[in-house]
């Protein structure tokens, strides 16, 4: 007896499911390798580790160059996330809520850093900061990261703003709220999840950014990814497993937080 | 307009002007010449690197599509709750630092890495498969990096289709295979095209993966840019290569705008 | 009574397209005026102009004797109710209703009192602590109404407020809004495309078509004395025919049917003018024996319950819809039956401005 399958059931064929699950496994593989390895011991790469310890984490936290680069990264990421959230948020508000000439072209320009290859931006900023004698400064690094983060903030905030019913703002205005009152009492409270999400994303983008930092950071402003890059490039030390695990947990944490924020919306 | 001003100032000062400076340098700066472009066009090194870039990008993008489409299709077929959970499996690597991934692949693919150790243990043979610091390593790392972008783009186009057409085709007597090849797949083609173009843009400009997972012979355009900045200090050459990369990206962007009906980002209104 | 709203030649154009032709309108204090018309007729444009969310291309808007044409929306002291309720989802019901009062920095005790009073007016004091999304559509709209009247704005604008609700709820809320209007003596400008809603609720209807005001009149007059073919066709069922004018107030409808003493007929003899006759004003008799009647044949009989609509066709090919109360005894109307029509001169309404307004 032939079983009736309706299209609503939509069970993909066995082959599709197999490839999909292989794909999921492939995607997760790096994280799954890095985490257990970070609890290994000493100097050898063993997978799975023969014995478990926190040695690698201890090494990471006691090595001044790792700690210093981590602190630099945190500082730069926090500052550039705040900066890009402010100016990106304003830009998104202007784009979504107002009509003006050349809007489409301007929007494309504001989002274009997403498409221009990072290496090109990195080279450009490296040469430019060289002229401005700002290579290796923290504020130079913050500005460079803001250039990369702003488009992402604009895109997420635009999507969020489009979700906010225009009538709510009109209603508040007619009841007597000023432009600023509408913004602070209606628009921003409604956008709170989006604002937090774009801030977290901007933070993560800056925190993980490596190519531009590699070009424009100096010895004293070496960020964590730059330090990781040269470590992988030159010596591959097992402590990388601990650093990688911490970064993975950071990404996962931010992902889950953003997912929770979306649910709230 | 006044809301956009701060972002505009930042991007003009710290993005547009630097880029224009790169273009200016690429044409010889204060003593204009096409020397660097001529060298790129004629010298075998550059032709080889360009070929490398195209080869690695095309192979990685192709693999990404072969793996990404089934994932997107599988995700779309899930009930929303399950889809959200499975999406985390795609989002996680998307938000994981490329350095973490590169490090993991050196451990997985290396000479005494996980795969080779396993093979030695299983077959009892000496020797190893060369998977790292060669083209294989770059392609694996690149595919891993590109996969989430492909899945998101294809999934978005599958989700906009809605069940009505499939239901209608089903009622008219189409089998699952017919429905896929005659309805679902053709309708998802713009998404597939966009995904391919996005992956091509990113892979052509890839820097970290070939630098960390590739060998001497797997240099890509970006690595050459860095080589000229750091080692030969030939900034004009680095700029000319960057402009070439920018031009290639521009062509792909026009393609994206085409398949998205005139919208580059789908957000510009 | 004092004048609340006055529009002087208010106009709105977007480039070449005119959304609203120069329009004059005056609304008295405590009046309930409805803007009625099909979508795209300019009624929403007019409402937005008064609300201040769009700027007019020309003309002036006066509110309570003050020229507010250049006054921003938040200083016009208006209230507004939207079709999609526009309640703030991040605030409780009480906070929503209190919002306009907190903007006006009223003392906290007064705010609490006024909010409760407004919620009692819409019979929902018990939901004060809930969030809007926990309420039904009808409840949400009542909260929105409470919010629009809690600060006694000089004019309340309602933009298709019942458009998203189902029929039963709509009728219940029509009644409630009407009652609130009478109790509180509010001035309301109400937008709808639903003619029944306009007829039941308004003191005056302002019928709009293609960016113009077609006619402004109380519901009764709008129904019985429409001024134009559009007005006649938009409200209720109407028969619009062209008749020859034979003399002062005299028309000829068919070979054997002429009427004299038609009110408001100003056209000169010899002209052909459009007139309207409502279906319920037409008398119908079987056969064709009587004097001074219009001979016709039944084409179609549509039983609607309490009334029956008959479509009849005259010898000249004119179609009439005739509405009759259904009686069991005369259930015998059938297609093809010869009938004779007649109606009184007083039921004939000359159209296209032929009648003095």
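Worth a mention:
The chains carry the letters A, B and C, assigned in the order they are written, with residues numbered from 1 in each.
The working rule: a residue touches a chain if its C-beta (ideal position, glycine included) is under 8 Å from a C-beta of that chain, and two chains touch if they have at least 3 such contacts.
For each chain, UniProt lists the protein as follows: A = ABC transporter permease; B = ABC transmembrane type-1 domain-containing protein; C = ABC transporter ATP-binding protein.
Since the model is a prediction, treat every value here as computed from it, not as a measurement.
The greatest number of inter-chain C-beta pairs in contact is found between A-B.
Remark: the per-chain Cα centre closest to the mean position of all protein Cα atoms belongs to A.
Among the remaining chains, the Cα-based centre furthest from that of chain A (ABC transporter permease) is the centre of C. Rounded to a whole number, the gap between the C-alpha centres of chain B and chain C is 60 angstrom. Spacing of chain A (ABC transporter permease) relative to chain B, judged by their CA centroids, is 17 angstrom. Inter-chain spacing, taken between the CA centroids of chain A (ABC transporter permease) and chain C, is 55 Å. Chain contact summary for the complex, chain A (ABC transporter permease) toward chain C: residues 165, 167-168, 170-178, 181, 185-186, 189-190. Listing the residues of chain A (ABC transporter permease) that touch chain B in their complex gives 5-8, 10-13, 16-17, 19-20, 22-24, 26-31, 33-34, 37, 45, 47, 86-88, 90-91, 93-95, 98, 100, 103-104, 106-121, 123-128, 131, 143-144, 146-147, 150, 154-155, 158-159, 204, 208, 210-211, 215, 225, 228-229, 232-233, 236, 240-241, 244, 247-248, 251-252, 254-256, 259. Listing the residues of chain C that touch chain A (ABC transporter permease) in their complex gives 51-53, 72-80, 82, 84, 86, 88-90, 99-100, 103-104, 147, 151, 157. On chain B, the positions that touch chain A (ABC transporter permease) within their shared complex are 1-4, 6-8, 10-11, 14-19, 21-22, 25, 66-68, 70-71, 73-75, 77, 84, 86, 88-93, 95-108, 110, 112-114, 117, 144, 147-148, 163, 166-167, 169-170, 176, 179, 201, 204-205, 207-208, 211-212, 221-222, 225-226, 229, 235, 238-239, 242, 245-246, 249, 253, 264-265, 267-269.
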